[in-house]
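Structures given as structure tokens follow.
Next, two complexes with subunit A in common: one pairs it with subunit B, the other with subunit C.
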Partner chain A sequence: MSEKRVLVKVDNLVKYFPIRAGVFKRIVAWVRAVDDVSFEIYEGETVGLVGESGCGKTTVGMTLLRLYEPTSGRIIVDNEDTTFYFMPKFKAKKYLQKTYIEKFKKEDPSSFTGIDKKYYDLYKELGESGFYNKLLSELNEKKSEFRKTMQIVFQDPYSSLNPRIRIKTIVSEGPVLHKVIKKSEVIDKVKAALEEVGIHGDHMYRFPHQFSGGQRQRIGIARSLLMNPKLIVADEAVAALDVSIRSQVINLMLDLQKKHNLTYLFISHDLSVIKYMSDRVIVMYLGKIVENASKKELFDEPLHPYTRALMSAIPVPNPDYKKKRIILKGDVPSPVNPPSGCRFHPRCPVAKEICSKEEPQLREVKPGHFVACHFPGSLK
Partner chain B sequence: MDKKPLLQVRNLKTYFYTEDGIVKAVDGVDFEVYPGETLGIVGESGSGKSVTSLSILRLLDPNGEILEGSEIIFDGKNLMELSEDEMRKIRGNDIAMIFQEPMVALNPVFTVGEQIMEAILLHQDVSKNEARKMAIDMLRKVGIPEPEKRVDEYPHELSGGMRQRAMIAMALSCRPKLLIADEPTTALDVTIQAQILELMRELQKEYGMAIILITHDVGVIAENADRVVVMYGGMVMETADVKELFRETRHPYTWGLLNSIPRLDIEQERLYNIPGIVPDPLHFPPGCRFNTRCEFADERCRKEIPPLYEIKNGHFSRCFYYKKVEEAQKLKKAGESA
Partner chain C sequence: MNTELKRTLRKLFKNPSAILGFTLLIFFTLVAIFAPLIAPPVNPMFPDENGNPMKLDNPYIMPILSWSSDPVAPSKDHPFGMIAGRDIFYGVVWGTRTAFKIGLIVVSASTLIGLIIGSIAGYFGGWVDEFLMRVTDIFLSIPFLLAAMVLTTILGSGLNKVMIAMVIFGWMATARLIRANILQVKEEQFVLAAKALGIKNFIIIVRHILPNTIFPVLVQATMRLGSLVITAAALSFLGLGAPIGYADWGSMLNYTRNYILGASGQAFTYWYTVFYPGMAMVLFVLAWNLVGDALRDVFDPKLK
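Right after this comes the complex of A and B.
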């Protein structure tokens, strides 16, 4: 296979939500929903993001799409830093200064790679003010481009489509706004997009409530497709659907991916669906990535104790299948006050003393297989 | 099976009368539950699982009616013939029920302890002090840490998993002969689901009660049920021993369902798709209710409702052409071993 291209690169992403209390709504604590998360998504692949309720999956997706502003971290799309696109200009400049200029003045240029190298060359060519001018110019166009290329399909097929407007408008308003399609093309394009997801083109004049859950999810997909996106974040896109409808939508998503070379970030709490859909899998626990590996690696040899436990907890639809039951003790702790050291240590069956003291870093223990555990592979 | 059934449901029909018409939510359901076993009821949304269990307890919404001719025989008594008073004694005592969302069943303004004590005092001749002690024991039994403290907490102070444990404690405090669990773990995370299912298995071993486990998750069925009822459109499509059902599937709907789920235990090329959508219960098709989605459907299927054929001892299928599923399964097995 030819070298794959990185489409999205997320560095040290952090998203904290404030908890306010009292008359003055002072901030009394922070929900550490996503806490220093880094990963890459290659063009044309499906990355599965799995973990239990509240571990931060949706927050990763929403922050990546800039529907939430990140607390800190860097989001690179198509080899451009997009982190500052949605900041006010003075903040954006400050961000560029802290992230790049300070670094360029301090560090050895020969050590720069990727985006750092690209921006360093730009800085050398244009000088400091030229560098700012270039990157901060045409921010509106950049934002619009970003909105076009990054799409989302949500879980709830009932609330994600506005009940008062017709399917035609629901599917076409984004693309028209962002000038992906002309007004005169709307009918033809909507018809084609609907038919591609298995909905009769003539149904574009109907309202959302006239469709079943699975059909609404198809409409959500058609709406994304028409934007010509590079990345589609699917957040629990099949979770609310019945089994027989779920497999229809899953197969549709895979067919569309092949046809349009789409890239998916597929978020789900269901490890079986993740296994079927994904090329690579990221497992999260309490705001952290605990494991990131190719599908085969992850399912053949899960190395993080939490991944092992999660796999063993999934009920297998085969009464003849003998599996080892690992029953974790206790509940998932709160992300407001996560446990010290390894966040999984109060529930980990193989935790040792160091685990409550030192936080394990995400390390590459085998090529392409990353684990954040002091004792990877120790839970058999 | 030589044992006598604890519960027999015969020709159960439960209809709802709505402005739009009659919803035949449950339309001629038959099954039995034997003492100490777990009967799994599986089916997709709207197939009539909850209405079946609510009918057993006679807890239907006012617009619902169990039709004349339906029989629910529990421990030798036809529950259809009991007065409301007699029925109340059965509920929570001989038959207990737990739901998907414990917040619905637990009263938010009473402590967990008060609610378990109430259940105990209602059905057993003990003092208040004894009831409190029994409540604490029960909370300990279901794995709630520090039960002496938790007994005085309110439901909202507990996590989802703890609440479900508290509800199980309440349900089991009177040692029911039958526990109906309607999607008891659907709202929970998988690691918590595994805890709760393990707990239910342990308690069943200890108390020997029978369980009706209702779920849409075929995996939960495979791992927890002894026998299975597959429902679709308010009818039983197939019933069998759990291993038999998976190995020797004899209904096109069961067959489609089993092949359309992503699985951890095997590699799958492509998931099977059951075409179309679940029919609206106001407009079920004439004939077999699965005929709009079935690849074997023919003229006969569109006219006549197939009977529940007994294929083997204890294995039933509501399909004229169950042999075709047998052939499809043989082909698939041959393909897999090749």
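Right after this comes the complex of A and C.
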């Protein structure tokens, strides 16, 4: 990681799920699964995303891959705004107008950075309608490019492979569609991909039920790998495997990362796996990022009280070692009705009055160490 | 796959009721195929110049062999007896073809419609689902016989019109069944994985979802094949279906209306008029039900 290039930049991502009730399926409430989340993923690194169940970490992954449409926010991949790719055309245009054109007309051009600057130059060069035409043209190619850039490995190896088609088709379906590989070279490429993940190449004519859980997870990895992606979102990819298989799959993923210069977003609830895999760790609580720091920083000196409590819950394989555990009171509140101010304040041992009133912003307390807390580091 | 197929077949043929079902089905199929040999479509009442009996223009219209419309008891020439001047044996044999025609065409057409509507509703969800399911509910709320009668009044009577009516009012169960199954399967991770690979919706439905949801529909279609013949017979009995003299089990029962009660004091005098077409129908329905049961046992993963 000598030069740090941003691969994915997520800006103020929001995903609400509607709760519908009654005869007319009126929306009565929203589940705020992901509420204003921003982070960056640099090329070649592994970002661990931790949090307890229901905190929105899987939703972040799914929205990133556009398996869910974001409610609002911006997802920038490879210095291209990809947010509008999967919208209907009129919505996409509205989005572009709201996000860019209005800003370009109001604000001072010299303050723009990154993607804003790039798009501003485009706007200056082509004018407003030219800007729309340029960005909304060749959407199919752009979607295809997006799919090639990002892939996912799922949690459940038993549900993630279609039981009725052969491994060869499972693995080659996407790459053939996106012309990553030619139809004529399917057999060779599938064989190579399978062998790379440690499956015998001749087994490509088998069906998923003929493999064990660990093997299936490897096939899932091969499926993603053959798309030649830059980023792989691993959604609890090893949670369903038993410990010995888990370490094999983790090591396989690390090897592949080196070989193909992959970037991982590693979603997990298992801190020991995160500690082993990640370069940087993002901690989520109830739809918000509470802390974002390099692995070393985060594990050595967690600043958010929630992170601290999480760390104290990691089991240590030493029966004589007595560690002081921080036990949090109560349960995670419902994301339908999150607490006011800091979402963690009802359970926080060091909460003060301000915590229930004012929402702490994610701020950089140390270089590269972001915390959303009014009193970072106050819990010892 | 081959070993699995073998295991499936072995399981199928260990089950006596499955064997009975398949045997009956094969028997009916053979009768339907060889109908021209079993009951030659000729009318001996009208010999041509060489003395050979006249060939029938339409073999499905039973030839009139006698001008008396009273039932005639089974004899060597007419093993199942005669009614309304027509040979019951001829009607039962050619009626097999009619039964297959009605069953197969109506079931495949209505299943196809149900599949398309149910898949779209289940996969896309939201207001599309809401709209299609309410349409389904409306169709379900109309009593079938009444609707069929109204429709045949509009379209005119005839076997084809009855089949159209049965297709129009026969797809709802399939649509609901496939929708429910798709709702279950579409949340599976392999469907999400296909979406993440950017596979098109149509291919996701056809390749990833339908193969994992279609077996209950096939089983249901098989079972329906038999019962549809009964429905068609009911319509024919009411005089809505096949034209007069058509070789159709239901229409043949229509002829027996006056003789079902028998002669005074002798209830079973005209038993053959009801027994043979009725028996054909019962066995045909039974065959499909047994086959449907057997298929369900084979395809149900919980029983594996």
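In the analysis below, the second predicted complex is superposed on the first by the 376 of 380 C-alpha atoms of A that agree within 3 Å, B and C clash if a C-alpha of one lies under 4 Å from a C-alpha of the other, contacts with A are read in each partner's own complex, and residues count from 1 in each chain.
Everything below uses one rule, namely that a contact is a pair of C-beta atoms (placed from the backbone, for glycine too) under 8 Å apart; a residue touches a chain by one contact, two chains touch by 3 or more.
What you are looking at is a predicted structure, and each value in this text was computed from that prediction instead of being measured.
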Subunit C versus subunit B on the shared subunit A, clash or fit after superposition: fit
Which superposed partner A:Ala309 touches (first subunit B, second subunit C, both, neither): first
Partner chain(s) touched by A:Asn318 [first = subunit B, second = subunit C, both, neither]: first
Subunit B versus subunit C as contact partner of A:Asp331, first or second or both or neither: first
Which of subunit B and subunit C A:Tyr276 touches, first, second, both or neither: first
First (subunit B), second (subunit C), both or neither touched by A:Met87: neither
Touching partner for A:Val350 - first (subunit B), second (subunit C), both, neither: neither
Contacts of A:Val180 with subunit B and subunit C, given as first, second, both or neither: neither
Subunit B or subunit C, by number of subunit A residues touched: B
Touched partner set for A:Ile152, first subunit B, second subunit C, both or neither: second
Geometry of the superposed three-chain model: angle at subunit A (Cα centres of subunit B and subunit C, steps of 10 degrees): 80
Touched partner set for A:Asn162, first subunit B, second subunit C, both or neither: second
Smallest separation in angstrom, by C-alpha atoms, between subunit B and subunit C in the superposition: 11
Complex contacts: residues of subunit A adjacent to subunit C: 25, 62, 65, 67, 143-144, 146-147, 150-152, 154-156, 159-165, 173-174, 177-178, 207, 220, 223, 227
Partner subunit A, residues of subunit B touching it in the complex: 44-45, 159, 161-162, 189-195, 197-198, 216-224, 242-243, 246-247, 256-258, 260-266, 268, 270-275, 277-278, 293
Complex contact set, residues of subunit C against subunit A: 1, 130, 188-190, 192-199, 207-208, 211-212
Residues of subunit A touching subunit B in the complex: 52-53, 212, 214-215, 242-248, 250-251, 269-273, 275-277, 299, 309-321, 323, 325, 327-328, 331-332
